[in-house]
Every structure is written in structure tokens, then in C-alpha cells.
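Single-structure report; data block below.
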Amino acid sequence: MTGSVQTAVIGVTGYAGAELARLLLHHPRLRGTPPVFAGRVDEKDAARGGVPLAEIHPHIVDNNGSGDLRQEAFSWELLAARGVEVLFLATPHEQSRAWAPEALARGLRVIDLSGAWRLTEAANRAVYAFEDDDPELASATQAQAVYGMPELHRAKIAGARLVANPGCYSTSVILPLRPLVAAELVDLECGIIADSKSGVSGAGKAPTAKTHYMYAADNLSAYGAFTHRHTGELLEQIGVSTEQIAFVPHLLPIPRGILSTIHVRFKQPQTRESIAHVYREFFSGSPMVRLYGHTLPQIQYSVRTCYADIGFQLDASGRRAVIVSCLDNLLKGASSQAVQNLNVMYGWGEAEGLE
Amino acid sequence: MTGSVQTAVIGVTGYAGAELARLLLHHPRLRGTPPVFAGRVDEKDAARGGVPLAEIHPHIVDNNGSGDLRQEAFSWELLAARGVEVLFLATPHEQSRAWAPEALARGLRVIDLSGAWRLTEAANRAVYAFEDDDPELASATQAQAVYGMPELHRAKIAGARLVANPGCYSTSVILPLRPLVAAELVDLECGIIADSKSGVSGAGKAPTAKTHYMYAADNLSAYGAFTHRHTGELLEQIGVSTEQIAFVPHLLPIPRGILSTIHVRFKQPQTRESIAHVYREFFSGSPMVRLYGHTLPQIQYSVRTCYADIGFQLDASGRRAVIVSCLDNLLKGASSQAVQNLNVMYGWGEAEGLE
Amino acid sequence: MTGSVQTAVIGVTGYAGAELARLLLHHPRLRGTPPVFAGRVDEKDAARGGVPLAEIHPHIVDNNGSGDLRQEAFSWELLAARGVEVLFLATPHEQSRAWAPEALARGLRVIDLSGAWRLTEAANRAVYAFEDDDPELASATQAQAVYGMPELHRAKIAGARLVANPGCYSTSVILPLRPLVAAELVDLECGIIADSKSGVSGAGKAPTAKTHYMYAADNLSAYGAFTHRHTGELLEQIGVSTEQIAFVPHLLPIPRGILSTIHVRFKQPQTRESIAHVYREFFSGSPMVRLYGHTLPQIQYSVRTCYADIGFQLDASGRRAVIVSCLDNLLKGASSQAVQNLNVMYGWGEAEGLE
Amino acid sequence: MTGSVQTAVIGVTGYAGAELARLLLHHPRLRGTPPVFAGRVDEKDAARGGVPLAEIHPHIVDNNGSGDLRQEAFSWELLAARGVEVLFLATPHEQSRAWAPEALARGLRVIDLSGAWRLTEAANRAVYAFEDDDPELASATQAQAVYGMPELHRAKIAGARLVANPGCYSTSVILPLRPLVAAELVDLECGIIADSKSGVSGAGKAPTAKTHYMYAADNLSAYGAFTHRHTGELLEQIGVSTEQIAFVPHLLPIPRGILSTIHVRFKQPQTRESIAHVYREFFSGSPMVRLYGHTLPQIQYSVRTCYADIGFQLDASGRRAVIVSCLDNLLKGASSQAVQNLNVMYGWGEAEGLE
């Protein structure tokens, strides 16, 4: 298999970063070209050449040599010296906001896993309250950003210098809705309900009151109704207005996985086949989406895979549907979608390294 | 505290039966009058006077003598001999369908925890496919049944001979919706979405593929969309038609608890206070409902309590709301609601023995 | 029921503090005499009379008025003004170390739930590295302390001014072992193994890397082998030397509950009855210990009860036994044992308020 | 990569069978040679060529064609027609007992994942109560069986016709103990304690009272103390007598993974380095064992890997050690060890397809 590329990963210490590392280390195109891992490293660790991955994530290294890999002290010079072409930012959005323009200026292509560059409309970006040193540069950078969902924007991603990798919830809501809304089947007057449920890894690695085992276990809680940061992505990518969709996320007592239950009304009665046809057409050529037939997907079938699973059920009248989508928030909701974007950017098979 | 009554419980072996036993054993009105526990008992166990509760449910007995209680071989004569006045049926609906008429004929008052007598409309009952020996008797029995939700039917329950204790999901959806629909606030054209999530105990004690730990753990799955048996209760008690509500239950990886996320549109813009007012008025005098202020209820706060918790959040326009209700499916969703009905039937404090 | 006492609780915000509050609020002797809750309260909250319990622990308040209770700003004057006689310290051991002498000096009786005053031997206390302002006072205070395990020290607890409530692991290991070692049955040459497993609440409420859901869930880990702080309690209370017992705790992926698997060799072959007899004798008059017959206790049967459950199994030779003990780390392992001590101190029924 | 072999799997419907299928489908030597899956198939399914794997295990198929694979109706003729050389039996031990001799007679090599052929000593086999049609044939078959733990019997496995794949618990106890006992370091007078904890998948896929979510979740229970079926494997492979080891398994509330905590006394004081040296020597050349340095392994690091992880801690005297081993019961405890044996039998790299 020919064609490789030197990548770098900033933020390997987080959950998505760990999965990203695992995928890149086993990617058939990248054998022999492991990513450069870089980040904040204290002096003592810098002196020993960085922190071994084996200490950060014992579970992603094997007995084959990957145990020797290290997270090194970040510098732009390090990336240049190693010939890095593509930079993955698995970093907080503030950091991505600061680093992406610099990386682009240095000729790197960037795949950013944060929320920093996903939103085109200023109104939608307001929830992030970005404080940019240079608003003009930020604006110019945003103009280059492509929303990194290959099923919607494959062609643009191929040529992109800056890919804004979608949010996990967003992926689970946009994929099942965009085909139906684009086909103008959905009654937007009555609006769409996206009732989503995510495992705890979605809340990040920082220990907080809400990620404490005692809070999350044996519990379910709704949060961020009408106000969650991912809402803007839904509006822009599905093509609906604020009043036309209600998004309510919940915290599930499981480590990983998102299930979104989406409730829609149709303008005209539909049949199982009419809806299935729309999905098949839309996702033909999209290897990372699995369409379900007569059953609904479940979290356990998509967790630890790189797929988004979609299924649906109509009511007797054909006027209403419940659509269920499932994915792994750390994979199709983050790291494997990033690798899928890499595949598209380099003209490789879209599913390479993801099955 | 004066006034007691001899009760009997059929079906103590199940999850709801166990909780019912626990509540009745600790009820202040029933000290010294423990329930008669009866059911199918094999010959060997009958010979030793029945099966000790301590063997069936080690966790509901204490060192104070309740360990001596037994599930005895059921017979109508046993109940008569013990002076039983109130019969709790924590039995499959087929059994409740057969036994309730007989019990009424023998002068007992019945609180039935199954789905046997909850539905007035024949169309709604169709999902149960009841095969009654005597359709006329069944019809006459149904005519006596009162839907056992004190918050809606307190006065009728007081005088009822047959109380049909509500379903667990139904309780979690009817309580938050009935006040708003009764006040004619809800836009029923666009319809109501009730997206419910229940712990595994709701699926019963029989080991099945779906109650296997490996199926339920680390998972979430939707099931019974548009067709769940509890839907008929929603229609009759909320006062809406099939097209006006979509009910979709999910199986949560937790032992107990239901959270229902209910999505509504209002005919006119509402305020936090206008909605709170409706709820306060409706539930004034209802001690087993807790209204939340600015936060939403969570499963962990209602599990192992006898309360239904209700909270809500409006969107910026005041035109849409997300209402969250939580309860313990084995308590307010089954056994404690049954005891609440007992309290109402005997004129005791509605919350006695439930706090 | 006559005889009450004014108590105060410091540390109601923690897990054990919450359970302690719940028990005291429902204790039959303390109806009408709720505890004073006191602690660090910021100015804003002090201005409104403290933080409502309903905000700290929504699940321990009911609709009966306990929602009005507050955690007030601590001062010795507050305690005096309220007529507090007994002070529960559910505080870190450093704080208990500082406050207990002061409380005693002010004439209060103290039940301390921390590790501050449990250890008689200086060598065993070394792991805590206490930094006492006044070593002499500390030494005099320690001399007054009684180890608060009623099953071992009932008489001394009755008259104690300072009760050192045992550790959770300690309780689960001492109770099953003390009777056998006291009866000189155990071969101490080969040593005892105490392999203990605890739910996450044992690690406290502070969010840390180890209490993060993603660390604890779907996992099991051993920690503190040979060095855990509770080891000293085992030595002193069982009456063995360091070499004679190995204690290895594990972190279980459950909210609450401890199961200790204890492996012993006997000097002489034993029978099921000989061992059962020793236990029955030792725990006769101990209402909070439940002895199992032919089955072994499980965590699910003791969680949310105030009991310690003990069962055992012999090998074919009668020379070896596996003893299993279970308890709820927040109840018999902390708060309910504290209330049990209160009962003993005031001559009430030892099990009052605990069943 | 050259050299392939046609395999067949009986029992793909179970948990271990599913993992075995996944490993074989992705094994680099078996690309283009997927296993034949065979078993009991009803007439209707036989008519459509068997049951699609995609229906049995939605999670192990991908979009690359493996969805077309089917479990076909078993017959010896089918295996012959497909040119099967190696037969994996992921079947109940009764079935393996009946089928292995037949398979050998037909010239197949067999890797049996059940307990049917693991035990050399009749006394140890007694717990299985085998009812063989032909005791002589059974005896001759047993004589050919090699215990399939490459770390102990690599050379014999290479030439074996019948490999008896070890039990999951057995693997987790034998690997850490055999090196120390072989080096004659362990004080066998006082005996060894193996306190093991396993996730629920170890109990199999059949829904039972003990695999019900409500039994397993939030619980821990010990079972089979001194009598578990895997005990015989420990005796034969570690080389100790019944009195010299106590094995007590527990059921953990997690889907997968085993952690064994092993308590030993040494004849002479040891150092960290002396023990580490013994392990390093023993496992040099064993790629599927990972030795831990100063930390202990945890279940989360070995689950979903094909490794057995081993770590240990000494007490201050060097006379006692706690050894912790972790593995995934469905992988190194079953299916990946079976593939490891396949690798050894065909002279491939022992870790091929397992990293």
C-alpha cells in the first residue's frame, strides 16, 4: 500500500486523543510512520524525551514497539523537524482557536476535533465566546474551514487545509436528519425533536462533580435543553432554524456511546420503503454509515466501531417517525471521523483503517 | 394510631411484590397486622407452612421477626380465615383478569397492579388480547374499576372496590401532562413527544435475552415505539388521541428508575411562572408529587423514594417546553402508588408509610 | 418513646454525612429534635441562615418539613445555644483531630467518624502522620477514646465521652475474624488473608482521577496492599501482628457496599456447626449482625441496610474456611454504626432507628 | 504473508464464539479464508443457506462483505467439502466430549474451548461427570490432548492434534503461579489463596437467575469456593495438591474481564527484583504476557486485549506477596488463546492477529 503522511497529534492524553492514537498507529497507510505526539511536558519528562504512551494509556500500546512512543514537548520546530504535514488538534477549543491559524501559516493541514471552527454563523458561535487576539485572522481562518462530515462535504474536505471535525452529538443528529430535510419530507412547522443520550466519556477526562462515579452511575439526567453548544451545528448542517428543532441531551450511565432518538412529522404520509430509499440514495458511497432494516440500532452494536448506525420506525399513519441513530462518541463522534477526513484528504479509501 | 386493615399480597416473589411487602410491613397503620402472603407453593413447602420471606427476599426482612413470615399456599378459604379485606394483586394481567371478579364477589376490595383493568376503551384494551371466560362479568368488573392515580381520581378511589393501579411509564407521563392538557395550553396539532427511559426491573424478574446483564449493561435501546401497551393509559388519562402523542420507551442500564422527557409546544407563549402556577394548583394537596424549581429532576433523586418528581424548562420564545419527570418504577410506578391508593381508600393520610 | 438528645452533625455534605442525617431525621427517639447541621458556610449563604439541606441532598428530604433544615455556619456558640449534647464529626481526620479535644473540653460527647482517634498504638497511627498542636492533649484525648464497635466494646461505649467510629473496611474484617481469633481457632502461623472489595463511595465525594466514572466503571483494581490505613485497626481489634494478616482492598464498580473474602486455616479441623456455634455465641445480643446459614451473603442483600452479614464455607477437610462478610460502607461501615453507638451511649435499644 | 488454513467454528452464537469469529476474520494469515461457521440450524434457516452472522452478532460484521457470512447447518460432509483442517469447538463440554473423537478420526485437528479434555487425572475430571459412549475411545482421546497454554506447553502444542484450550479462571491463576512454584519459592505448607473475580460474560449467554441484570448489577457474590470446576486445572498445571491452594471465584458487575488476586508466602524472603527476574525468565519468548513494574494491572487495561497482565507487590519482610493478574475472559481466557494455539500449531508468529 503506497502513500503515507507524517501526522502529529496534540492532546493524546484525553479520551478522544487516545482513540485517535490507536487508530493512527494501526492505520494501514501509516505503518512505519507513527504520529508525533506533542503537548505540554514538564521539565523532568522533557529530559527523558517525553512521557511514554505506555504510562499515559497502558491499554493502547502493545508488545510490538508502540510502548516506546512518547508524548514530547510541543514546539513548532519539533513538528517541522519531523516533517509533519497534518496536525490533529484534540485540544480545548480555546487552544485550537489559537493554534490553527499558526499551523496553517506554517503550511500544515489541520484537522481540529474541538468546536473552534465548526460554525459559520456568528450568532451560533456566540455560545463559545471566543476571545481572538486577531479577529481578522480568525475570520479569514474560519473562511477556510470545512465542516468535516464526509457524508455531507466529501468533495470540499478533499481539498481542505482546515477541517473542523463535527461534535459527537451533532454527528448523531445531523446524519439521520439531513437526508430527510434535504428531500423536503419533514414538517418543519411542528418541528423536530432530537432527544439524545451520551455516555460519560463525552464529558471529558477532567474529574468534576458530574463525572464522579457516584453522580453518573445508576442515574440519568437531562441537561442543556435548548442551549447545548452543539445546537448551532444542527442548524447550519441540517438547514433548519432555532424554532424548528429542539435538542435535549442526557447523561447516560455508560462509558461510551450516543443514542439519539429523533421524532419527526412528515408533510405527507410515508412508507418504510419511501424513507429507506431516501437514506439509501443519500448514503450510497458512504461506507461509515450502516442502515438498519426492520430493527433499531442499539448502543452496544456501534460502540467501539467507527460506524454511525441509523434505523427508523413509522407510526400506522405514516405521518410520524422515530429515527434512532447510534455511534461511539469517541470514534465516529470524534477520532475515527477525524481519520475518515484524513482518508478523504489524501484520496485513500474512506474506510481504510476504520474497520 | 388507630384503624388498621388485614391485607393480602399475591405475587410477593416479583420485584414490585417485594417492595409492596416492605412498604406494608413498615406501614404505621399496619404494625401488628402484617399482610397474608399467598401464591403458588409446592407440596414440600406447603408442608412447612409456606416459603419463608427470608428465603425469597433476604433484603426485606430484618432481625425483628419479619423473618418468620411466609408465602403460603393460596386459597380463597385462607384469605377468609385470616379476615382479609384488601387484596393486592401483583400478578400477571391474565391472572388478575381471572381473580379480580372472584375477589369482588367474595366481598374483598382489590388493588390490582397489573394492566388487567386499567383501560376503559375496548380499542385500547386490544393490545392485551384478554380471553375472558365470561365477557359479561369482565365488562361488569371493568365498569367498577377506578384508575388508581390519586392525583387525578382521589375521590373515586376512596369509594372504589377495584382499583386499577397505573403502569409505571404511564404514571411518569400522565402526571406531568394532564395538568397542562387540562388547562388547554398544549398545541395538540403538532403533538406531544414522550421519550421515556426505564431501568431493567421494569422488564420483570423472568430471565430473558433482554434482561441478561450482557444485553442491558453498557447499552441503551429503544423499543415498542408507537405500540407500547401503556399507550392506551396515556390516551385515556391525558385526554388525547393516538395522533396527538408519540410514546417511545427505552431500556436503561440501571436497576430502577424511570425518566420521561416530554416535549410540548404551547398554543401561546408561556412563562416559567405561568407553567409553575398550573402545576402548583393541580398538585396542591398531592403529597407524593414534588415540583422542581430551576433545576430538572434526575433519576438518582427519586429512586428508592415514593415520589414523582416534575421539572421543566422553556425555550427562549416560551413556545416550547421540555418537561422531565422521574420516579421509581417499583414504587410510585407500582407498589407505593398501590399503598397510596390503600391510604386513600381507608381515609388515612395519603403519604402515610411512604416517607 | 421517651428520652431524646440534641445532636449536631459536622460534615453533612459528604456521603456518610448524608446517610447520618437521614438516619437521625427518622430516628424514633429524635422525632422533633432534628440535628443541628453546621460547617463551613460562605457569607452569602450565612446571610440566608445557611444552605438548605434540600439543595445539598435533594434525596434525603421529604415533603414533611425536613426541606426547611439548613447547614448553618459552625461556631461553638451555635452548638451551645442549641443545647447540643452529642457531636457527630463526619469530617476529615485532620479536622477531627483538632476539634474533638475542644468539644470534650466544652462538655460535649463526641462520635467521630474519621480515623483520628481509632488507634491506640503509636506505630499504627504513623500512617496518618498527625500534626498535633498539643501532643499532650492529643495523648490525653486518645486515652479517653473508645473504639466504637458495639459488638466488641458495648460496655465501654455506654460510658464513653469520645467514640472513635470504626473504618468501613475494618468493620467488615474485624467482625468476622474477632470471634474466631478470640476462640483461638485460627492458625496464625500461616496467617489470615483479608481480600476486600469496596464500592466507589468509599473513596469520598471529591472528584479525583480514581472516582471518575471512566476509571471506576467496568473495572476492578487492587490498591494499598499491605499498607492501607485501616490495617492498624485490624491488628489492634482482632489481636494479631502485622505478619499474621494480609489486607488487600479493591475498588469495585458499584456505588456502595463492601464484601470481604477472608481466608483462614484452623489449628484443628472444624465443622460447620462448630464455627456457627462460635459466631452465634459471640453475636448473641448483637442485633446488627446477621449470620448466614448455608448460603453466603452478597453485597446486594446488605446494601442500604444497617446490618453486617456474615457467612462461611469450609473445605472438605475442615481445615480451611472462606468467610464472607458484607455491609454498606456508608451505613454499618460509617453512619449507622455511629447511630448504633449513640443508641448504646444513651441506653436505648441498640437497633432503634436502624431497621 | 504465506500459509493459510481452512478453519471451522462450531458455536459462533456464544460470547467466546463471537470473539473467536472476529479474531479469525481479521487474522492476517486467514484473509480470504474465512472460517466455516456451522451448528444447529432450523429448516427454514437452512433453506436460506444458514443464519447470517449479521443477524447473530451485528457488532462483528462490517461493511466489507463479512455480513454475507452465515452459520450453516452442521454436517461432517460440509466440513469435508470445504476442506476444513482445523475445527474450533466453542461448545458445551458434553458436545465437545462427543465430537472431538469423531473429528480426530476424520483427520481434523481440534482446538476445544470447553472443559472436556483439559484434565489428565480422573479424580479431577469427576466434577464434570462425563458420560462417554465409549470409555476406551475417550481415554485414548484424552491421551492425545495437550493443555493449550503456549506459555507452558508451546512445543507439545505445535504438534498436537487435539488442543484443550484452558479455562478463563485457570489461565488467570496458572500463569502467575506456575513460574513461582516451578522455582520452588512458594511455601506450600501454608498454601496459596487465589481470590478471583470475573465479569458476567463468564457465566455464558443463557438467561438465568444469576445472569439477570438485577442479580449481577450493583452486586458482588462469591460462589463455588473450594469446588469450582477449574480447580483441577490449577492442581495439574501449577503442580500443587488440593490442600495447597484455595480457589474462590466471585461474580463481578462488569461485562468482561477477570482479575485474580493471589496471595502467597515464600520459603525465604524475596526482593522485587528476585521475583521480577523469575517472571522475566519464564515469560521470555511469550508475547501474550505483559509484566507490570511498580504498578498493579487493572481489568480495564486488559479487557478487549489478548494479553494476560501480571504484577505483584511484596510486604516489608519480603515473605509475602500479592500477585494480581488480569485478562479478558473471552480473549486470553478463551478465544484469543485458541487463536494463539492455532498460531503455534502452524508455526506462525504466536502473536499474529492478536495485537
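Which chain is which? They are A, B, C and D, in the order written, and residues in each are numbered from 1.
As a convention for this text, contacts are C-beta pairs under 8 Å (C-beta built on N, C-alpha and C of every residue); 3 or more make two chains touch, one makes a residue touch a chain.
Just so it is clear, the structure is predicted and the values come from calculations on it, not from any experiment.
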item	value
Chain whose mean Cα position lies farthest from subunit B	D
Which of C-D and A-C has more C-beta contact pairs	C-D
Inter-chain centre distance, subunit A versus subunit D - centres from mean C-alpha coordinates, in Å	37
Where subunit A and subunit C are represented by their mean Cα positions, the distance between them in whole Å	46
Inter-centroid spacing, subunit D versus subunit C (mean Cα positions, whole Å)	41
Residue numbers of subunit C (touch at least two other chains)	215, 218, 253-255, 300
Subunit C contact footprint on subunit A (complex, rising order)	15, 200-201, 205, 207-209, 211-218, 253-255
Subunit B residues touching subunit C - in the complex, by the definition given at the top	58-59, 62-64, 218, 287-288, 290, 300-302, 304-305, 307, 351, 355
Subunit C residues within the subunit D interface of the complex	189-191, 193, 195, 197, 215, 218-223, 225-226, 242-243, 246, 248, 250, 252-255, 257, 259, 261, 263, 265, 296, 298-300, 303, 313, 315-317, 319-320, 322, 324
